[in-house]
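In the two complexes that follow, chain A is the common piece, with chain B as its partner first and chain C second.
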Partner chain A sequence: MVLPSHLQHNLMPSEINFVAENELITILPRYSMNKIELIGHKIPALRAMRREKVPIWVAVILKSQDKCSIVPPKWLNLAYLKDKYEEEIRKPQVFSELPWNWLEISKVLLAKAADDLSDPSHQLRSVLQDLREIRLVKSHKGLRELNESNIQLNGLSLLEINELRPFVLTVMNKLRQLHDTTTTRGAVEAGEGDDMDDEDNYDDEDD
Partner chain B sequence: MSGNYYDLDDILADGEKIPCRFNITVPGLGYLEGNPGKAINKDSKIELPLWLAEILAVCVNLDESGSSFIDLPEPEFLGTKVKNAIKTSPTSVDLHKLLPNYYRLVEKWCTMVPEPELIDIVMTMLKERSFEISNFAGNANKQINNEFIYTLDEFEKQLFKMTSESNKHMRKWLRD
Partner chain C sequence: MASNMDIDDILQEFDNSSKASLKKQKKLSSSTPNIYDELVTAMLNERMAPEILPYKHELMTQVLEQISNQQQYLLDSHEYGDLNAQSGVVSGDFKLQLMIIETDVERINYLVRLYLRTRLSKIDKFTIHYINETADAEESNSSLLSREETEYMHQHFKILTQLYNNCFLKKMPHTLTLLDDTTGGESMIVTPDVNQPVFIKSVTKAGIIIPLGEEDELELEENGIYVVKYSLIRRYIEIGDVVLI
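Our next item is the complex of A and B:
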């Protein structure tokens, strides 16, 4: 009740970003470090030049201190993303498969570890932007098909769903409420016609 | 009923006046019509708030043959004229001028008097209009000087606000 309304029913993009930073990523340490036992994750002992998987937030901290280089995930390169973009264009009805947090991870890595990525960051940025825009247009088109009972969100990532959620939920709720009025009372009458008759029938049913 | 007891919009919608016709003569109720002390006559037409009309229309008069205290003729905002206007072009109807809580009223009305056809029309309208709303909410950083925004009913305004808010957060996150 005390939270502002935009925080009550939906996650902020920054919160989703926070969740995504818990994902593991491979790094290539330059120094050795003892292992750390945290409540959520164990960070394994790091030895120089031996690949290890650590949460992204750890990788980013180490990277900022120049203690490791990050191995980009296999989907974060120009060829793969261009491929996905082509796929989006080829299949106008479907969203292509991307990791559930592709927007967040690509943003973090582009900002904090641009020099570790295999392609120039401006090109990556532009193809990511293209992908986002084409998917945005698609999901927007899909809003025309809203109904009171179900919605299909195959292939959308968490952040993209989160962005749609307030709108879709509100509209679908209202549609459902409107639709419920026709089913709960067993709408036998043709509606229209004589209102007095309607009223009488309705009373009879109620008794 | 879906309404929340503390929901202000719900209370406002309940206070909306709808036309009623008395089926019986009630002594002493003349003040509703503006002549205090007199009786209200059978067949007199009068506008009552929805919360009162609902009870009176549903309660059955025990003495007579099952007729209720009042009849509810179709209110203007659900009439054929409005329905046709909605059917022709859902996005150009001025819902706010018609009724500030149009969807709620339709919902309440149809819970009393089932009208599948009306619900159909209203649902189609909601789909069309909400699509339009999401269009507008998408480019909220530019000045909106479109008539459409002023024709939204309270529910749609809420929807517009929430959607543009969410888009704003998203844009902000992408920027920094």
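Our next item is the complex of A and C:
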């Protein structure tokens, strides 16, 4: 009741968005502003044309008031993303390294600060979408490797993990239950197993 | 001459020590993660763990204190703004700053609420289990539940048993009315499933090696993302080498 069941073992995309907005980003202020002491983070005194790092949500507020322009992170441009896309194609087995919240951050920046980005936003959107799709296909292919004890998912971002989570957890839980029953019964059925093997051999000889 | 040397030495020493202390301070401020990030981690860990994690006493006192400080500041500033509205002392900048602070308080408020709600949902689910667990625990800064949570748990259980009794338990044979019956091979107490797989991220430089049974082991690299059984990495969450995601 306190926490609806759809929230209990998974995160909402909006919550991931929230977490991503805490990351720091460089801004180029247009006006000066006194420093602000926030809980857990201090925003330094801003001076015009002096780069500073602030949380994304602050940058978005300042941007909406035309108080600053946002310096896009070094991975958010066409050349870099295209490179990554090609890397994804070249290496079908691994995910290329992208920032932990690349989807969320690019989404926020494309929506709120499109004019600060170095490339036209429709091109960026399309290459981001390409990247996302190829990674989605890969992660779906990877589901074949699921087993009951562990898997490794290096290179995936939080949002992508979150998409996989409900399926992966249910499957692993089921596999674990099956595994548990086989290990506890294994000892009992060992004798029967031998008999089966004998029969197989017998058949083979007949052929 | 000798005295000169001494003074130089002393100066040198002073210089060095002040530099060292500066460095130390810098290191401290950069290495202690700020309470905001800590709260986010605590919330995510709590959210993804199948069982309830020890209550973050220190962190929560700090956060709550900071929130009330900021709220007081906002109140005072608004009062100040109202008083000086006509004279034009209050600039748009000042208002913008207040708005940013307000947003910050709201954001952290939301995190605190989410953290507590997640904990309450687990207390609801595993009431009897945690009543048994905390039965002989003393109230301290390392206890599993906070004082309010313990109180809530007992109240909740009382109301629940009353409801069950009034609705149907009084019409049942006495032997079937126990809510914490463990006879008959099946325990009626709902306990958290600690073998559930969870998604984790290793955040320590030193590799962690966890046993997988049958001589198999798995080494967790820094920043690696894995899915493993919760019971295997439980103690690493407590020391913060591993975070749930």
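By our rule, the second predicted complex is superposed on the first by the 184 of 207 C-alpha atoms of A that agree within 3 Å, B and C clash if a C-alpha of one lies under 4 Å from a C-alpha of the other, contacts with A are read in each partner's own complex, and residues count from 1 in each chain.
We take it that a residue touches a chain if its C-beta (ideal position, glycine included) is under 8 Å from a C-beta of that chain, and two chains touch if they have at least 3 such contacts.
Treat the numbers as computed from the prediction; the structure is a model and nothing was measured.
After overlaying the two complexes on the shared chain, residue contacts for A:165 are found with chain B and with chain C alike. Applying the stated contact rule after C-alpha superposition, one finds that A:144 touches chain B and leaves chain C untouched.
Shared-chain residue A:40: touches chain C; no touch with chain B. In the superposition on chain A, contact is made by A:58 with chain C only, not with chain B.
Once chain A of one complex is fitted onto chain A of the other, the partner contacts of A:49 are absent, as it touches neither chain B nor chain C.
Once both structures are placed on chain A, chain A residues 165 are touched by chain B and, in the other complex, by chain C. Within the complex, the chain A residues that touch chain B are 5-6, 10, 12-14, 17, 107, 140, 143-144, 146, 148, 159, 163, 165-167, 170-171, 174-175, 177-179, 181-182, 184-192, 195-196, 198-200, 202-204, 206-207.
Interface residues of chain C facing chain A in the complex, by the touch rule stated above, are 34-40, 44, 47-48, 63, 66-67, 70, 93, 96-97, 99-101, 103-105, 107-108, 110, 114, 117-118, 120-121, 124, 195-197, 199, 212-213, 216, 218, 223-229, 245. Residues of chain A touching chain C in their complex: 1-3, 8-9, 11, 15, 18-19, 22, 31, 33-34, 36, 38-41, 43, 57-58, 61-62, 65, 67, 149-156, 158, 161, 165, 168-169, 172-173, 176. If you check the complex, the residues on chain B that touch chain A are 2, 57-58, 60, 66-68, 71-74, 103, 106-107, 110-119, 122-123, 126-127, 130-131, 134, 137-138, 155, 158-159, 162-163, 165-167, 169-170, 172-174.
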